[in-house]
Structure formats: C-alpha cells, structure tokens
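See the structures that follow.
Each of the next two complexes has chain A plus one more chain, namely chain B in the first and chain C in the second.
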Partner chain A sequence: MSAIAFMVNSVHINNMEKEKLFLIEVRNKTRVTDVFGYMIKKDIMETGIQEIEEVLTSSLYRLKGVCCHRELIRIAEEILIDAVAQDYFLDNSGIRKRGAGYNVIDVFYKEGVTDTVAETVMTAVKDAGIKNLFSASTGKRYYLKGRLNRQDIETICMKVLVNPLIQNYSVVKDNNA
Partner chain B sequence: MPKFASQVDILGAGDRELVEMSEKNLLSLTLEEMKAIRSYFTELGRNPTDCEIETIAQTWSEHCFHKIFRTEIEYTENLNGKKKKERLSLLREIKKATLKIDSGLCVSVFKDNAGIIKFNDRYGIAFKVETHNHPSALEPYGGAGTGIGGVIRDILGAGKAAMPVLNIDVFCFGDQGVSYSELPEGVLHPRRIFRGVVSGVRDYGNRMGIPTGAGAIVFDRGYQNNCLVFCGTVGVIPLTQVEKRVSDDDHIVLIGGRTGRDGIHGATFSSASLNANISRSVVQIGNPIVEKKMMDVLLTARDEGLYNSITDCGAGGLSSAVGEMGKDMGAVVNLERVPLKCNDLLPWEIWISESQERMVLSVPERNLKKLLELSADEDVEAEVIGRFTKTGRLQLYYRDESVCNIGMDFLHNGLPLKKMKAYFSFQDKPMKEKVSSLKAGELRERLLRVLGSPNVASKELVVRQYDHEVQAHTVLKPFTGIEGKGPSDAVVLKPFYDDWQGIAVGCGINPFYGKPDPYLMAGCCIEEALRNLVAVGADPEQVAILDNFSWGDMHEDGHLGTLVRCVKGCRDFALKYQLPFISGKDSLNNVFTDAKTGVKTSIPDTLLISAVGIVPDVRKTISSDLKKEGNALYLCGITRREMGGSQYHQVFGITGGSVPVPVPSKALPLMKKIYLCIREGIIKSCHDCSDGGFAVAILEMSIGGGKGVDIFLDKMVSSDVSPESMLFSESQGRFIVEVDAGAADRFEKIMKGTDFANIGRITGRESITFYERGLLFSLDIVEAERVWRSGLKW
Partner chain C sequence: MEVRFEMVKPRILVMRVAGTNCDRETEWAFRLAGGLPQRVHINRIKRGEVKMRDYQVLVIPGGFSYGDDISAGKVFANEIRHNIGNDINLFIEEGKPVIGICNGFQVLVKAGILPYPGRQSVTLGWNGSARFEDRWVHLKIEESVSPFFRGFPPVIKLPVAHAEGNLITENEDVLKKIENDRLVIFRYCAPDGTLKGYPYNPNGSTANIAGLASASGLVVGMMPHPERALFRCFYPDWHRDEKNGDVFGYGYMFFKNVVNFFR
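The block that comes next holds the complex of A and B.
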C-alpha cells in the first residue's frame, strides 16, 4: 500500500492529466482546547526558551496524484476530520486564517520511514471510490507564538518537535523574515 | 556473472581486513567469528556473497544466538575475601532450576517462542516477555509499539499459535526533571521518551484488542541515555496445539505485512553501543491493524489444522525465522516472491529486513489453497516464498540467481563460542548508613515525600490510557476499590466463560537492590513477583516465572561478573521458592557512547521477573483496598532494618545500609498460609509491602478503600524499634491483611507458626493514624491521596 505500490497507476495517469501535490490541514476548532499544543509549550519552556507564548498544532496530510476540488473536500470531510471538534483547510489557507504573529513549522517523516497512518488514509481514499491519488504522507504543523529568534526556532525543532532520525522539518512561516 | 548479489572477498582478507569488514557492514562479528567464516568458505573454495555473510551475522548475533548466555564462563567469586572458582553456562544454570523443580506445571519450556504451562486439562498458558530497549531510545513511539507487536507475535508463534489475552509492560526511564543542557547529543529528553513509549504501547495494544493489565515503571538517572522497555504477552492455547513440526516438502508461506527497509540490522545493532550516528533504517514502525487481521487468520487456520508449524519474523527477519524452522532439514527460498514495500531492495536486505507484522508458516501442499483463500478473504497478504527440503542446506535465489547456499549445520553449530572470564567481589557486611532520629512531624513530612516520589506515586495517568477491559475477562483490574484508585498487586483474568479458574500475572523489578549484590536483587525480584500473585489469591504452588536481564556494557570489566552473580541468585531462589523458569530473554550492552567526549555510560544492571500463576477460583480473588470498618489489620512477616536501596534512601539521597535479604524458609510457608486464608474467605483485602515499605502499603490500601486506620507500630514483629525503619524498611516476605472481624481467631489459628501481629484496625474516621507508644502522627486520607496521585507528571 506504499507510494511505490501505486506507481504503476500514476504512470498511466500522467499521460492524461498532470499529477499534483495536495495539502490538507486538520486542526481543532478554536473553542476546543489543544492539549497537545499545551504540552509542547510546557516542553519548550523547559528547554529554557521562556518567550514562547502559545503553541497550536495541526495534522497535515499530503496527497499526490490527480484529484478534483470536490474529491478533495470529500476526503477531508468524510475521512480526515471529526466534524464536531475539527476544521480543515486546503493548501496553506489555514496559515492565513490563523492570523499574524505565528511562526509555522511543518514536520514530515523522512522518505523510507513507514507511515502507517498514510497507508490507512490511502485505503480509505480507495474505499471512497477516489481512484487517481496514488500516495499519501502525514505530518504535523506547529504554530508558535512569541518573540522567537531563528536560533530559538532551531532549538525548539531539534529538542522538542522533531526526531531527526526519522523526521524532517521546514519553517513555513518565519516572523524574523 | 552474478547480477543481484556481490561477492565479499574474505578468502584474500587478513585479520585486520576481517575486523574492518565486520565494522563497516555493521555485522557485529568478532575476529574469531570472521575467521570461522573464512575457513568455512576456504573449504568451499569460494568467497561468500553479501547475502551469506549477512545471514551468518544475523544468526550468530548476540540477539539471536545469546552467545554470552550459552558460552562457558570461568567465574571467580570473592566473598568476604574467600575466593571460589567455578565453570558454568548461564542458560544451563537457569534451566537447572526448572529441571530440579519438576512441578508438573511446565508443558513447554526454553524451546519455543514462549514458555507454556498447564492451565487445566484442555488448555495451557503461554507467556513471554521481550525487551525493546535500543529502538525505544531512538524512536520511542515506534520502538515501544513494535516491542509490544513483537511479543504478541511470539505468543502467536508459541506452539501452533496461542491466543493473546493480556499484555504487560514494564519501563525504566531517566530522571524526568533533567535539564536539556545536561543531555548528550543524540539523546531524547527522558520525558519525551516516557510519553512516546507509553503512547506507542497504548496505541498498539489497544488497537490489537488485547487488554494491558499489569506492569511497573522505574525512574532513575541511570536510564537517561538508554531507557528499558519490557513488553509481555500472555496467551491461551489448547494443549493439543503445543507440539509443532515442520515436514520436509512443506511450503514456506510468509503472511502479514510487507517487507521494506525498516529494521535492517536490528539484531546485530542491538549488540552494539548507542551513539548519535545511527541510521534510520534501524527504526521500525508498527501497524497494529495489519497484525490484528493476521492474528484472526492464524487462529482460524490453526483450528482448521492448515499448517504444521509457525514462527514469527523477529530479529534477523526471514533469515532467523526460516533458518530456525528449517534447522534440521533445509530450505529453498525465492526472494523475489517476497511482497515488498518498495522495489529497490537488494536480496540480502529482503532476507534480513525486520519489517513488522510478518510470520512464517510451514504449510503442507494439501492445505495451501485453503490457507491462501482464507487469507485473501480477510484481506491479509500471504505468499509462498519457498519450500522446506531434505538437503540440510539453506538455498536462496533471486530471479534464478543463487544468492546463498550454505549448510544449516555450519549456520547453527559453526559459531566458535568464546570462553569468557568473569569476576565478582563482595563484602558481606552492612555498609555504613546515616541513621537519623526524627521527630514525629519530620516522619510525617518524609512519608509524604516518599509517597509523592515518582517511583512510588500512582501510575494511574499511564495505566488509564491502556484498555484493560477489552475481551471482557479482566476480573481484578490494575486499579481497585469503589472509585478505582487503589493499586492492584497483580491482574487476574478469567479466560473461559465456563470455568471459574483464573490466571494471575504480576512482576518484580528493583534495580536499586542490585548495586551492592545482584544475587539479592534476584531473590527480591523473584519473591516480589510471587508475593504479588499470592496477594490476589493465586496458589503459590502453581506459579511459573520468566527472567529478563537488561545489562550494561559486556565489554567492560565487571558487568559480566554481576550478570553471573545474578543468574546464580535466580537459580538458587527459584529452587527455594519452587518456581520454575519457563522462558526468558537477555538484552545486553545497554550502553551509550557520548560522541563528543567518548565517555560510555551503562544502565544500572536490571532484572525483571514476571510471574504467571493459577487462581483456582476467581470468585475468591481479593483486592488491596480496605473493605469494612471494624475489621482487624495484621502485618505478616518480620520487619528488619533493611533500608539499603529503599525508596526512602532514594528520595533523601541516603547511601549504604543493608539491602533486604529474602528468607524463603519463612516467606514460602507464610504465603501458603495466606493462600489458605484467602481461599477460606477470611481475608478481605491484602497488599504486599514493597517499594516504600509498610507505610506506603497501608496508605495505598487506605486510599483504595477510602477508609481510615489506626496503626500501632509498636505491635509489629520487628527486629528494629526505630519508627523510621518500621515505616520505610523494605524487608521482604511481608503482607498487610485485613481480616474479617469475626474471623480473627480462625486467622490466627491458621497462621500459627509464622510471624504475624495484629497491628491495628479500620476506623470510621477519614485519617490514617500511626501510634508508637502514644500518638505518632496522623494524615488525612484526602491529603495522602492528593500527594500520591499527583506525584507522576505526564
């Protein structure tokens, strides 16, 4: 069920329509407490970075293949979110919606590391009758508020957010920039 | 010209090149072992392929072959200046105890993936505890999850598959409050490891639909760079399914998950020291859904008799699984038939990959179609990858190219075992200890400090994340009492709906006792495991145990000596308590090398004893929470000043003192009598005294039942009269029991001949009051509960 298993499919599709990368962000609705984010904030403070004011977290799903807008919305609404407590955002619209003042870090698995959640997502996508997506990968997005310089952000990533053995991170939005 | 396998030039290699070859390719083979391989291939007149070298390295790894446990050791012991020499093999010593006990309980010991004991005339109980230390230190969530996934497969691979009914988990973590700046490069913060490990075990166990019901957590600075993760599974198996035998000509079927690059070199890597430069290929990430589906297929196929034998793909992957099954015959495998996660794997990588959720079956021709259909129906991948043969050779092909052709005999018997020397020295006199005479108020403060320390505090925050109800057979759960706040000594299961007989499972671990003398640590762990079972109503004569040794750097002087000393303790105390060892596992070289300074740190040598026993009637099971106002409280067993390694000493940084000495000649008869009283129904609650001593035990009982007590310390059978040792000493062989108010005479009559004393009673007040020739101090239950339940931070 891995990316490779779907390759054969993709070659075929490439001839007809260009494959694309889609991103879906899933996070708690504003009124629902982000417990995970709260714990991350505590951990960051214990590294000695007291400037951190708030941490909010989301789950990221990166899908590859061919998919129309309507199908993408179906995937988000029917497979990925818990509609009572969570919202979803396509591409990076979630970052704009969150407002200014946040540094945004994305963390994904390195290539070759087994991503079982992504495998399950692919099974569900296929079961939903959506045929032309051929791989998925999952990640985490962290919104960090506070007066953090670049060094702080690197420290936070290396000590709290990322296990460099299996994960890569990228700073998607940098307030210092 | 070979296309897929490359030749390794071993024939032309000198000794230095051999060593380099082993290091460069992560083979973890010594020069002697490389030389043995060289002479084997010299005889064959050709160089080995990469696949052959890797196969040998996996099979001969410490993880798979247990070299240190099998080899002959010349051991010198210096006790109080008297030297004694002896030759022994560790595995033989452990087995010796089991053979001598011959209790009629054992069905299959030390030969299968798990030990099996008799439950009743129709069923047996399979039990295995594994370690997954290195992977959990690197990637806590995946490492711990695959740890539990692996031991579940051990149970599925015991006999012709046992059905898992319970998981247990024991962890050792570093100091949770350590500052980030103190951590060496490449080490994750202990809090992150703690959360990751617990989450990994929780998610895997819960998704498998197996209850997690028993365990322990130990915190100590010594585990900062190398955490310990012990995962255990209990299963039930029809006695008719215990024997398994591969027939030559059986198909080799690989069932379950696909094979990828995850976990390559896990087996050889587990023998090496951890450092900052580890490749990600050693990380395994589990998928419980795949394993759950595979489990369902296997149990159906077993009942339909579709396969002759089964084993799991653990360390060493297919190499170990097929190699082990075809040991006495031979096997041909076509590696291109193995279903892959990614297509760019080399033949040797396919062969030794430790991808999870895979098992190997030996299936006779007549059942093959049915087995493949059954798997397909359940959406489980199953593929025929080869056949067992009569050739005595292991032959591997990749698209018709021969990539491996070696004799099974050389593979399994060709390893030159290096004789080793070990030394242990011990002065058997109590080390100096600071004895303080404390005022009542100070004792009260100290009791609260011990109660709230992470090793003693309630582990509810962790335990409540586990599902302990699924399968609906957990009779005594990890927490007891009306509000489920009190800790249980052990978990009790009722595996069959039509039988009142139950299984009790518990454990004993205390690395703090091991520092002066690992012999006594062995005794204390064995006794604690047994006490925990007896406290819930298990029959002390129907208990079996498992050992797990997690030790430090074996290349360093000293650790081998302490290991031998500990194994001797296991042997002697198992005999004294009449507890057969049925299985075990060692994880050696738990050591971290700091990349910057080159400094090596080993973990504290740690022994875990897990016990499984029979509760003849689960309706007689009792819990630790206090039940009824007016009932009498007895302390059974003698209290001595044995504070060495105690939690009291850990919390207040006191060193020295005597480590508790188990006295089987007193403890065993006492436990048999307690068992009788529980069966008669006159004991209403029972708790053993362990970490934190008597005071912590009575507080836990009181918190569990929400009932106050009056305790008269001066009535205790104690060889030391200071309140400090009466409250905090961790003397072995002690139980606190609540006896029905009307049955005190009967209780005292049965217990006659043992050491016991009526030390107080349950009151209607909401306070725990200690008297010692007059009022000593008093605690509110609410206050004690708050401290005890908030000591562990998540």
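The block that comes next holds the complex of A and C.
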C-alpha cells in the first residue's frame, strides 16, 4: 500500500529510536458499505441539519512505542485491519486519500477514561510477539460532506458524535477555514 | 456369552476464551447427541496441559471473544494463528472435524482456515442494518460437500444472534470458486425457500450465504446457532407446526450428524 510511506515523526525502516507516537486509521474499502456512516447521517438529519450529504467513518489507533516501521506495518496488517474489507493509512494520509470536500472530526477518550479496546489491542500486539509498543488509545474519525458552517459542525459533534463527559473532539479539517 | 459393542463416543474439544458465552450450550448439545465434549480454555492448550491430539472434534462456540474488540473474532483468530496454528492444521490434515458457530465462524474465516486454508479470502462484516439481529431465520440447505447437513429438509429454521454476519468475499473469483466447489452449506431464504433480501437475509450476506465448509467438508462455519434449536419446543411456532410431535429440532440433527460421523 502506498500509504505506508507516511508516518508520524518519520521513523526510518528497521531503525529503533526513542519513544514515538504513531497514528493508524482503519476504514472500509470503497466497495464495502459504511453502515455506521449511513446511520450517523440519519441521526444528524434528525437534529435539523439537512445540509449533510454524506458521513463516512474510520477507526483510529494512537500507538506509543519504539516500534520500527516493519513492526508498525505488522500491527496494522495482522491485528488492526480485516484485509478483505478494510484498508489502513498511517498518520493523516487517509485524509488526503479521501479527497476534497470533507470536514474531518477526530474523537478520542479523555485521559483517565478506561479504553477497553486499546487494552485488547495491547494484548493482541504482545501475542504477536511485538514488544516495543508501550500504550495504545482508540478513537473514531468522521468525514462529513455537505454545506456545513462551523456552528453546524459544533452541533453535530455535541449532539451526535461526542459524549463530552468522556470524550474530546478535534476538527482536523475544516472546510470553512 | 453375549458380546456387546460399545458405540464410539468422539471426544469433542469446545474451545473457549474470554467472552465466549455459548460454550455450555454447545457442550450440552454434543453430550445429548452422544459425544464426549469438554470445555477447555485456550490457555490450557497453549500451556500444554491439554493436547488437541486427544480429541476428535474441535468446536469454537459462539460469543463475543475479547469483547469483539477491533472486529468480531479477530483477536481470537490471531491468538490461534500465533499459538496453536500448527496444531489446528495437523488436526484438519488428520481429517478431524472443526466447527465454528457464529463467533467461531468469524474466528475461522479471520484465521484463514475457512473456506480455503492459508490466507483469509472472506470475512464477516457488520450487518447491513447496522444492528444486532437476534431472531429465527429460514435457511435453504444446499447440496454441499459437508456430510453434516445430509438428511435435512430443503428449508429449516435456526436462530441467529449477531452484529457481524455479512459475508464478504475478497473478489468475485473467490465467490465463484466457493460456489463451484459446493462449499455453501446453507443460505438465508424466505419460508418458501426463495432467496430474498432483508429481513430474510438478516445481514446482507453475499449470495445469502449463512454457512461455509472447507473443500473436505469437515471444517464448517455457520452464523446460525444450532445449539439453540435442539428441541421442537424451542421453536417459537412449535404449537402451530404440524410436526410438533417430533421431539428434536434441526440443531440436534446437526450435532447428531457430527457424532455419527465417527460411527
């Protein structure tokens, strides 16, 4: 996959370095329907925002460790994706790959909130014999298409995408900017 | 002197991990059908306390292994691949049946065991409805390579309970090969046996496929739960069914066929 060329902080292949933060985005291949995106679009329309045209979703994995490039690719390909139905992207290359016209929202748990999926990821990584990963956290990425202003995006986040008690969100790409 | 021959009772390994929740029912179903089942946590196999070679059938029952985190069956599949993959390959090479029910089916396909061993060529993705579908469905029995579904009527009913049962093939060629090799054991259908979409097909599965077998027919995976259809009285319409004089349901027939395979 061409997207493997992108990585946070430019870790070199097979070159162990000090602890770094990696981001892996996992999403359905284009031929596989994003059923959650469809359901979220319906939820957004129920808030009164009719301008929403399309919602697509991804899973995000933030990994901290001293993994080499080869280990990172193994984590992505063997543990995080379902190769038949999903692709992965390192860093934010997935946003570029998605094309123009999308607002992009990332949602992660607040610090201190138990992230059970991340704990399972750590178990699976250790089971695969990879010892250089120290922690993981999981989140969701939402691609929103439509003529949405900033107020619309904030409404969508607070009413549909985010539980503000336990989650933070960030607008990674804002078409109004 | 009267000589009596004891029927061979196959030893059945019901493998469980954190989140498995249909292991007791599956164990009970095999015992009812005349087998000798034992529930075993995968860690005991990994530690060498339990040897797979001591068993004739391996079953991966339903449930939510590791909370369905990442995707359903994925972590369990990797655990199998990394720790006991060779044992399972040997088990299959020796012609011993391997059965995956619901989450077990998800594990078998994601471990690259079903339908073709070596690499993953199909998956079970999220239901098209984006919901957990928990209900009885009609299934059209296909003339497959598997010996465990012989003697069934053309259409049966079994319950499903899953969120990720939408069978997706890697490409059209894989689907064609599956069809040509007669690996489809049954398909979701309407009560009259015709193949239709939702709600008859509860998850949007490609070609309405509800279960697959390996080329030998001895490795089988299915989304429906036969262990929840052991008796006719389990069926929601059993009072109205003309056949309600029958004691056993179609789930029992499946378990009985697996046990009888050794007789």
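Everything that follows uses one rule, which is that the second predicted complex is superposed on the first by the 160 of 177 C-alpha atoms of A that agree within 3 Å, B and C clash if a C-alpha of one lies under 4 Å from a C-alpha of the other, contacts with A are read in each partner's own complex, and residues count from 1 in each chain.
Definition applied: a residue touches a chain if its C-beta (ideal position, glycine included) is under 8 Å from a C-beta of that chain, and two chains touch if they have at least 3 such contacts.
None of these values were measured; they are calculated from a predicted model.
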Q.
For A:D174, using the defined touch cut-off, is the partner it touches chain B, chain C, both, or neither? Pick first, second, both or neither.
A. neither
Q. Which partner does A:G48 contact after superposing on A: first (chain B), second (chain C), both, neither?
A. first
Q: May I ask you to decide whether A:L165 touches chain B, chain C, both, or neither, giving the answer as first, second, both or neither?
A: first
Q) Is A:T120 touching the first partner chain B, the second partner chain C, both, or neither of them? A) both
Q) Which holds for A:K110: it touches chain B only (first), chain C only (second), both, or neither? A) first
Q. Now for A:G129: first (chain B), second (chain C), both, or neither, which partner does it touch?
A. second
Q.
In the overlaid three-chain picture, which partner chain does A:E78 touch, first (chain B) or second (chain C), both, or neither?
A. second
Q.
Once chain A of both complexes is superposed, is A:F36 in touch with chain B (first), chain C (second), both, or neither?
A. second
Q.
Per the definitions at the top, what is the overlap between the chain A residues touching chain B and those touching chain C?
A. 116, 120
Q. For chain C, which residues are in contact with chain A within the complex?
A. 66-67, 69-71, 74-75, 78-79, 82-83, 110, 120-123, 125-130, 168-170, 204
Q: Going by the contact rule at the top, pick out the chain A residues touching chain B in the complex.
A: 1-5, 43, 46-48, 110, 112-116, 119-120, 159-160, 163, 165-166
Q) In their complex, what parts of chain A are in touch with chain C? A) 28, 32-33, 35-36, 38-39, 78-80, 82-85, 116-117, 120-121, 123-124, 127-129
Q. So in the complex, which bits of chain B are touching chain A?
A. 138-139, 142, 179-181, 188-189, 191-192, 258, 260-262, 278, 280-281, 283-287, 289, 340-343, 355
